[in-house]
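What follows is one structure encoded as structure tokens, with my remarks underneath.
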Amino acid sequence: MSELILETRGLSKDFKGFTAVDGVNLRVQRGAIHALIGPNGAGKTTCFNLLTKFLEPTRGSIHFNGVDITGEKPAEIARRGVIRSFQISAVFPHLTVLENVRIGLQRFTGTSFHFWKGLTGLKQLDARVLALLELVDLRDMATLKAGDLPYGRKRALEIATTMAMEPTLMLLDEPTQGMGHEDVDRVTALIKRVAEGRTVLMVEHNMKVVSKIADRITVLARGAVLAEGDYAEVSRHPAVLEAYMGSEAAELQGAH
Amino acid sequence: MSVPALEISDLHAWYGESHILHGINLSVQKGQVLTLLGRNGAGRTTTLRAIMGLTGSRKGSIKVHGSETIAMATHRIAHLGLGYCPEERGIFASLTTEENLHLPPRLSGGRATPMSDAQIYQMFPNLAERRHSPGTRLSGGEQQMLAVARILRTGADILLLDEISEGLAPVIVQTLARMITTLKGQGFTIVMVEQNFRFAAPLADHFVVVEHGEVVESFAAAELPAKQAKLDELLSV
Amino acid sequence: QISGDTVKIGFITDMSSVYADIDGAGGVEAIKMAIADMKGMAAGKKIELIFADHQNKADVAASKAREWIDTQGLDMLIGGTNSGANLAMAKIAAEKKRPFMVIGAGSARLTNEDCTPYTIHYAYDTVALANGTGAAVTKGGGKSWYFLTADYAFGASLQNDTAAVVAKTGGQVLGSVKHPLNASDFSSFLLQAQGSKAQVLGLANAGGDTINAIKAANEFGVTKTMKLAGLLMFINDIHSLGLKTTEGMYLTDSWYWNQSPEAREWSRRFFEKMKRMPSSLQAADYSAAMHYLKAVDAIKTDDADKVMVKMKSTPINDFYVKGNIRKEDGRGIHDMFLLQVKSPKESNEPWDYFKVTTRIPGEEAFTKLADSKCPLVKK
Amino acid sequence: MTALVSTSKASLNPIYGYALLFGAIALLPALGVYPIFVMKVLCFALFACAFNLLVGFTGLLSFGHAAFLGTAAYGAGHALKVWGFSAPAGLIFGALAAGGVGLVIGLLAIKRAGIYFSMITLALSQMLYFFFLQASFTGGEDGLQSVPRGSFLGLDLNNDLTLYYVVLGVFIAGFWLIYRTVHSPFGQVLTSIRENEPRAISLGYDVDRFKLLAFVLSATLAGLAGATKTLVLGFATLTDAVWTTSGLVILMTLVGGMGTLVGPMVGALIIIALENKIGDLGKALADLTGVNWFNGLGESVSLVTGLIFIVCVLAFRRGVVGEAIALWDKARAKP
Amino acid sequence: MTDFFGIPLPALLGQLLLGLVNGSFYAMLSLGLAVIFGMLNIINFAHGALYMMGAFLAWMGLEYLGLNYWMMLLLAPLVVGVLGILIERLMLQWLYKLDHIYGLLLTFGITLVMEGIFRSFYGVSGQQYQVPDALQGATNLGFMILPNYRAWVVVASITVCLAVWALIEKTTLGATLRAGTENPKLVQAFGINVPRMITLTYAGGVALAAFAGVLAAPILQVSALMGSNLIIVVFAVVVIGGMGSILGSILTGLGLGVIEGLTKVFYPEASSTVVFVVMAIVLLVRPAGLFGKEK
């Protein structure tokens, strides 16, 4: 198998004459934590929406594990192991924490259309669920309604649910957004931990997080790739400094 | 000192459940230019939106020319003389350039002389040319000009400008810089959010650095050299 | 002996919807008048009336009927408008063995395919209407017909019955157009009718459809070239359309308030109460209730079978009609009248709307026993 | 819709509660309650529960559920009367017919969400209504009358009481299926779709298929209600298929409490009772207040229905059962 | 004479024209719905009832106050507009934050109440309203006799539709409305009282319905139920048109009137279902409707 897990060729999206994503060639290495950064409105979320087919690309193609998945439906892509989280927290608020994660696991049992069955069949998943919750420190909150969790814990729950899908590629959209300091650190560590053995593509504004865990960074600006490389390369890149990190800030800093 | 044009104390704001602003304090004197600095996602845009009453919910105090606005409806706040130029520009796709320009009404409480169309077109000749084309067909820079231009027609004397230099060619940035200097000379009070320090530095009378929804640094232009090191640290990536 | 020590009459009709005006509250009032005329007593026992609105829903009607019989000791049921509701009630009444007198519903099925030993179809039916209007108009010179037919079972049977009569009387049917039920706009259909160059436009529809069709016919000048014949119309329809619009139209009815001195006298009493003249149905409500009460009074029992025999063997002779109830199928047999709408000038007083042009003898108007499809009729 | 839903569970096993409820219903005729009335309520309760399965647990508000009630009512009626089906076969045939229609309408409507979904189901059901109006087997305006009750596994259904227990049995079976569906793996996915559709998609669920299955299930169960109704009353009429009946079932569900299992039953009871008793209520009010207008209340069912709608939407969105659950939760949260 | 599928061409022309008359009612009603939907995101089920009320007001004006048709053509929309303001302020405004479904249900309830009220006072068989004197009579167009009043209906409603279209597409007020549908918050930040604008939009939309009602009064029997059958057809029109644009709802309305008219000639039995059939086909091909934008 090739080293590239995900590759886009000339991926573009137009909204009524406005091009939000413009010919993006993204190459994500297997096993890496790859960060997608860029100013607000650069097209990062739109990129995620294209990759998961929540939006239909205007042009270009998407290849996952060497297979062209451009024509597939969102659910199909998810079943291939490309699982995303959302910029705005996405849990099932009226289900318990346990049920939230179990929904993810349940798909593998093949019983999802079985409306005549009881829930006892699902109970056997609970051990696995609890193990996943353990991973994100949510085990003792398993019976709470997800809607009642504090914000940071919801994001953690989302990650646990995503993990339940045994994703080969996780797409995380601003996983630390709207969190306090401790939560940010916790989630950062968590991502680092769960990234073992899989690939993560994340959008993140918080450079502290990016610098700490990202193996590779793609900078997007105005829908196009501006630069790519590891943190050191990117943070020195003049165009990136200009468009994203602010040229003056860098100048004032001297060479970082 | 006279009543500040804008005075904010202990401002909290939320988007849905995320608590974004954790008690912002700042004040701007009439005729001053204040620049909000900070990293991406620090909460600068949110501060401007909170002033306009556009966030999910907000608490604390925001006084415009001395009147408390925390419980006011957005359109009433605007009529106290505020003009808002949003970060995403907010050009309306279904409106032509001219309709976009004429959309904001004259503000009843505005203290500045509204600019005429002629003055505006003189300042931004591009807009005159594209007068009849749909707003979102304009280039990014032109859209930015339009977004600024349209609040100058209203008589607003406090301008809230969110990253107006973003994505613009240097010449246009220079135009905007000149424009802000002119406006300042005419007595406008301006609150700017800027990434582009080179653009903001010579214009501002006062700097405020926001971090995680709180003001972590606030100083006058004169103190800039002294604060430089601190600033580097705060803004470093 | 009287069950439950009261003679309990039930009346279920449309009191709130399309047919509320021709029967409805006026019908209730008419039955109350009958009870009052009996001084509230029959066979020495109190008479009681219960009534309900079926909202033109057969299920509501049937459930109400069943509930009254099961729980309220109902002795006789009067069925108001809406054939579907009445067919449903007839079934219940037969099952529970209660006399059921149908007034407002027109479907001839009530005494044909769906006849029961307990159903009396008292006032009119679609066959009588077709016979009346079809025959009389054709004989009067309207030889060629075109039908505007509501596109459902009732409309079709009204059209077929009339067409048969027209053909038999020497007329000719040039065509027909079906319109959807509750069509709001008839202009297109009328234009097609006009294109047929027929002399008579037969309106095989009811209620609002008839009214809207007539309005549009006026507007498009169809009335100038064709004669309109309403196959199922009542005085209230004329009242709401106005004479200017309906002038010269033909329709058949069992009764008209101004047809005789007795009719006038009763109608005045009705008018005092309801501020409007009675429709034939309301008069029939009174007459039917009276016929039943007198039968009970005469034989001193409310036993259903005995009362049925008594009612069928007693001739009806009141201000409403002179006639009888046919033993075999329960069909009320009496004269029908072809009425023509007066012009505004001819009308002398409010509600003075009709000229009685032809009296159609009962034997001619209603289905002959020989043609009956009622399984109870032995041939 | 999410705001309405309460999945809170009473601490004791709900099965006992239901057993108690159904036991009580079984005893009603012995207490002198008129059995036909209860049967009618049961039919509508099942109808409302089936409707609620869709709206309460997938958030799809169908404004065309009368189409399924009507299809099954006519289908079962025709099968029983003309083809001479036995009662159980007639019921099953009716329900399956409704399910088939549900599949077709569902395929068209599922493509859109929200109000569009409502409008499309409304329009399509109206189309079916016109079909019933014109088709010969329905008897048009007169309806399909004199449907025989026949027998059920050797029991003569012409006895009201026998029929009563058969209908109760059918209701319990239908309700059990709904209960089962809600508490099944499938139900879990439905809940997740209603709560956060994009998230459910991103977990790999083909939401349209789940919605479609829910739609068909709901249609089939609504059909079962319609077929049973024909059996009980002995006729099927256009009223079963007309769009105001779709409105009525929404009202029942809303009044009782969308997304609660028992709510629709309560709602059906309230609305059917109201329909039957409003005249008496009006008379009582007229006597009490001396306002003569109330005497006409019996003729103004739709007016009162409308008022209930408005009040429910503005002030009472959780419905009777929903409010009760909320109160209960609050009371428990306090100590 | 030229024939067209067995129908003489002149007769066909006549039928097309009549289709246009009905189409203009559809257009006016769906236009009102589209305007309301655009600003409030509410499907106004009460539209049919307010149309009915417009017709009733025309009748009541003449009956009780002696106000003629022309007066009522102005007054009825005003009165209904005021009622619209009340409905929006007292009820609808509390629902914006909820699922759109509640707006549909609430307006459905309002429909039942309004119909119930009119029914309890005026029964159902309907009231008679005369064609105004100035528009009495008919004109022979050669291929058909067109009642003057129908001609007036087409002219009046197309004029009103175009006027509304122009108002929305060509004026500052319209620009504000369009901007308001795109981004209400920002518009409010410019100092425009968006809530009031929403109220007035609702009032304007329902006034259109009332105007259509007055226009319909002389053609149809004025009755409590006249709106409820129409509204479902209009819903179908809206689904077909897609609510995308003002012009779209006008064109779809007119077009469907014509299609329906043709069906009445060629296959009258289907004339009440043809709209729904068209809807089903359109949905299969274009789920967002003819003029609708994909979400």
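Per-chain residue numbering starts at 1, and chain names A, B, C, D and E are given in the order in which the chains are listed.
In this text, a contact is a pair of C-beta atoms (placed from the backbone, for glycine too) under 8 Å apart; a residue touches a chain by one contact, two chains touch by 3 or more.
None of these values were measured; they are calculated from a predicted model.
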Excluding chain A, groups that stay connected where the other chains sit: one piece
Intersection of the contact lists for chain C and chain D: E
Where chain A and chain C are represented by their mean Cα positions, the distance between them in whole Å: 74
Distance between chain centroids, defined by C-alpha means - chain B, chain C (Å): 78
Separation of chain A from chain E, taking each centre as the mean of its C-alpha atoms, in whole Å: 48
Centroid spacing, where centroids are CA-atom means, of chain D and chain E in whole angstrom: 32
Residues of chain B whose C-beta touches two or more other chains: 93
Multi-partner residues of chain E (at least 2 other chains): 119-120, 269, 272
Chains that touch, pairwise: A-B, A-D, B-E, C-D, C-E, D-E
Complex interface listing, chain D residues touching chain C: 34, 36-37, 40, 130, 133-134, 136, 139-143, 145-146, 229, 233-235, 237-240, 275-276, 279, 298-302
Residues of chain C defined as touching chain D within the complex: 15-16, 20, 25, 52-53, 55-60, 62-64, 66-67, 70-71, 83-84, 87-88, 91, 107, 109, 114, 151-154, 180-181
Chain A contact footprint on chain D (complex, rising order): 2, 5-7, 177, 180-181, 183-189, 191-192, 195-196, 198-207, 209-210, 213, 217
Parts of chain E lying in touch with chain C, wherever the complex brings them together: 11, 14-15, 18-19, 21-22, 119-120, 123-128, 131, 138, 144-145, 147, 149-150, 219-221, 223, 225-226, 229-230, 261, 264-265, 268-269, 271-272
Chain E residues within the chain B interface of the complex: 172, 175-176, 178-179, 181-183, 185-195
